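One chain, chain A, appears in both complexes that follow, with chain B as partner in the first and chain C in the second.
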Partner chain A sequence: MKSFALFKKDLHSELRTRYAINALVMFILVTISVILFSIGSEKISETLTGGLFWVVIFFSAMSGLSRAFVSEEERGTVLTLHLIASPNTIFSGKLLFNLILVFAMNIVIALLYSVLFDSFIIRNFSLFFLAFVLGNIGIAAASTIIAAIIAKTGSKGTLYPVLSFPILLPLILILLELTKFAIDGTVIGESLVELTVLVCYDVVILTASYLLFDFIWKD
Partner chain B sequence: MSDYRLTAEAVGKTFGRRLIFKDVNFSFENNGIHGIAGHNGSGKSTLVKIITGILGPSKGAISHTNGGKKIPVEKLHDFIGFVAPYLVLYDEFSAEENLRHFANIRGIQYDKERIDHLFNAFLLYDRRLDEVKTYSSGMKQRLKYIFAMMHRPKLLVLDEPTSNLDSAGKDTVYRLIEAESATSVVLIASNEGSDLALCRSVLQLENYKNNSN
Partner chain C sequence: MIWKTVLFLLMLFVIIAGISFPIVENPTAWYQFPVIPGLEEKAKIIFFHVPTAWLTVVAFLVSTVYSIKYLKTKDLDDDARSIAAAQIGIMFCILATVTGSIWAKFNWGSYWNWDPRETSIFMLLLIYGAFFALRSAIEAEEKRAALSAVYSIIAFVTVPFFIFIMPRIMTGLHPGSANDTNAGPVVNFKMNGNMMLVFFTSLVAFTILFFWMWRLNYKSIIYKDKLTKNIL
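What follows is the complex of A and B.
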């Protein structure tokens, strides 16, 4: 409940300041436009379209999701948060905010993709949906804890993608594989290994985040 | 009267190799105003941050007990009110929106009667619906007092309590600190003689820099 209150505070703040939303919307529009312009009238393969889909998502996440903690640090309101909530509440609230943001952002990207790219045809929608949901949870969890780490550093903008890349790489690789399966129409039964790895990734990142956040937040 | 006790046992803090203070011991209980004095850079703000659980000590321990039970660090914020020049509230919200969000995040009821009383006491009632970014630095400082007192804390920690305040603001703050000290422990970290004059006891941080304390 307290985490939800923190989420509501962040949402209210975001709607007032448009700190992350504007950056995300612009990034999504620019990236998809650049891909469309560079493809031109050429027909690209379905697998490549699936790959580019996650590239857009990865870089959009890099541009917007660090805001959860960076904006608090830049405005100097971190101390205020210390004084009103426990580290668990703060992490859960920020994670919830990033989850909603990631889902909203990725739904928009998926809709734009299906409208603008003829070769983005999902033949097994259930598999794509599962990968999409689990992948979003992984991206939001990893981005939130990385944002908490880099918020206290001097060169936040540079460090965020640098630190995110090795942590998100296994996730992106699995998601690329599952998206390829979904485009090919592979049944869920044949993708169980990849789905299990995805679930494990989410569980490991979430557990490690909750265990580490107390130390990251304190000093 | 509350049954609150704040104890420091051999608390020390170093940043890298630089010693800020060492072997700080004190015990404050129930109520009253106590002071922490020291020149600029002596570690007053560091000590109050350690007391409030924002920073960890390098050595020793701080313990807070309420009704004889130790308060865990993750629950400490429910018992503490804190005012400092480096505390920043959310500029994009009005004063009332800030306080409503804080009450919700703390998981307590928004006590309208208490908060309106504080808004009146700090002469901010008419401006409570304006965004904080339109406030002067003195008004922001007064709002921090409302933030610190809204949940009736057992320990009120005030770092440089009268910075940015005019003489009328200082008088209001002194009056409210004295009223608050009847039911809670108030800790003032300051160099101002008028701030320290309110204190029942004063801890001189210069005395905790070397082995001769």
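What follows is the complex of A and C.
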């Protein structure tokens, strides 16, 4: 329950400044328009649009999600958080906030994308939806724990994509594969292996994050 | 001393046997290797390339084990052991990537094909790179040790996905891929007894080499640390 209160606090402070939301919206617009400019009037293949979709998501996530813990360090509220809640609660709160942010961001990206790109046709929607949901959970979890590490390094923002990319890459590769399947219209039964790997990734990264957050937070 | 002698003998055997033993159509003598269709003389890379890739993973494992130990004991010597293993790991990682890449040019036609196993070694290279980037960004010793330990553990739990799972479920050029007809562990592919012997000797020799280099490296890191602290 306390983590939910923490989430509400983050939401209120976000709605007051709208820093992350504004940055994210602008970033999504810029990335998509750059892709559209570079394509021009050319017709690109369906597989490539599927790949570019995750490129947009990855870079938007890199720009918006690093704030979770940095903002606490900047405002000097870390010690207060230490006093009122256990590390696990804090991590749950931040994770919840990042989850909502990732889902909102990716739904916007997906909608914009399907409107703007003619060749982005999902033939097996339920498979795409499953991959999308599981992928978002993975992205949120991995980026939250990396954000916690980054906040302790003296908020060196450039380090964030460097540290996140190797951790997120297995996830993105599997998501690319699944998006390709969804565009080709493969049935779910044939992509069970990839879905299992996705679920494993989510479980592993969540477990590791909860176990290790103590050590980052206590410094 | 005894280990160094053993290492010297094993390496000597691997280098002589791996390079000079001939590959012939129908092996009769004990020192001849059989021809593997599609590879011929180029099959010999397995004696040197696979052990370097193996060491990359072993070094990563050792580094993670000592990271976990550091988080438990908060002893900076454990951090030195972890970083020493990572330093050797990145060296072997580069070696494995470069040797594999040169070999791929001659056998598969281009330096880089994004075969799943190539992707996975590239990922390892990125993880090592990110690990050192993180370390160089933090000044305070204890904080640096704790954060890099956490990062290397997180990286280690996601590594199995691309080292062990992806090369097997995706189609690729390396033995053991999903479309490989030999279907089985990598080492069972068409090697005869003496090839296996040289291959496994090479694995053992490289592993000993790693532990020797690692010991020297962490000792030198610890001594260097002590020296700078005494002087300053």
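Assume the second predicted complex is superposed on the first by the 218 of 219 C-alpha atoms of A that agree within 3 Å, B and C clash if a C-alpha of one lies under 4 Å from a C-alpha of the other, contacts with A are read in each partner's own complex, and residues count from 1 in each chain.
Heads up, the rule we're going with is that a residue touches a chain if its C-beta (ideal position, glycine included) is under 8 Å from a C-beta of that chain, and two chains touch if they have at least 3 such contacts.
Note that the coordinates shown come from a computational prediction; the quantities given were computed from them, not determined experimentally.
Undergrad: When the two structures are overlaid on chain A, which partner does A:L79 contact: first (chain B), second (chain C), both, or neither?
TA: First partner only.
Undergrad: In the superposed arrangement, which partner chain does A:I149 touch: chain B (first), chain C (second), both, or neither?
TA: A:I149 sits against chain C, while chain B stays out of touch.
Undergrad: For A:L48 in the superposed arrangement: first (chain B), second (chain C), both or neither?
TA: A:L48 sits against neither chain B nor chain C.
Undergrad: According to the stated criteria, A:L192 is in contact with first (chain B), second (chain C), both, or neither; which is it?
TA: neither
Undergrad: Identify the partner contact of A:L212: answer first if only chain B is touched, second if only chain C is, both if each is, neither if none is.
TA: second
Undergrad: Is A:Y201 in contact with chain B, with chain C, with both, or with neither (first, second, both, neither)?
TA: Touch status of A:Y201: second partner only.
Undergrad: So in the superposed three-chain picture, is A:P166 touching just chain B, just chain C, both, or none of them (first/second/both/neither)?
TA: The answer is second: A:P166 touches chain C but not chain B.
Undergrad: Regarding the shared-chain residue A:L116, is it in contact with chain B (first), chain C (second), both, or neither?
TA: neither
Undergrad: Taking the contacts chain A makes with chain B in one complex and with chain C in the other, which residues are shared?
TA: Touching chain B in the first complex and chain C in the second, residues 219 of chain A appear in both lists.
Undergrad: So in the complex, which bits of chain A are touching chain B?
TA: Touch residues, chain A against chain B: 1-2, 5-6, 8-9, 12-13, 16-17, 75-77, 79-80, 82-89, 93, 218-219.
Undergrad: Can you list the chain A residues touching chain C in their complex?
TA: Listed in rising order, the residues are 145-146, 149, 152-154, 156, 159, 162-163, 165-167, 169-170, 173-174, 177, 193-194, 197, 200-201, 204-205, 208-209, 212, 215-216, 219.
Undergrad: Under the touch definition given earlier, write down the residues of chain B that touch chain A in their complex.
TA: By the definition above, chain B touches chain A via 52-56, 74-75, 77, 80, 82, 84, 86-93, 97, 101-102, 104-107, 147.
Undergrad: Give the list of chain C residues in touch with chain A in this complex.
TA: Touching chain A from chain C are residues 71, 119, 123, 126-127, 129-130, 133-134, 137-138, 142-143, 146-147, 149-151, 153-155, 157-158, 161-162, 165-166, 169-170.
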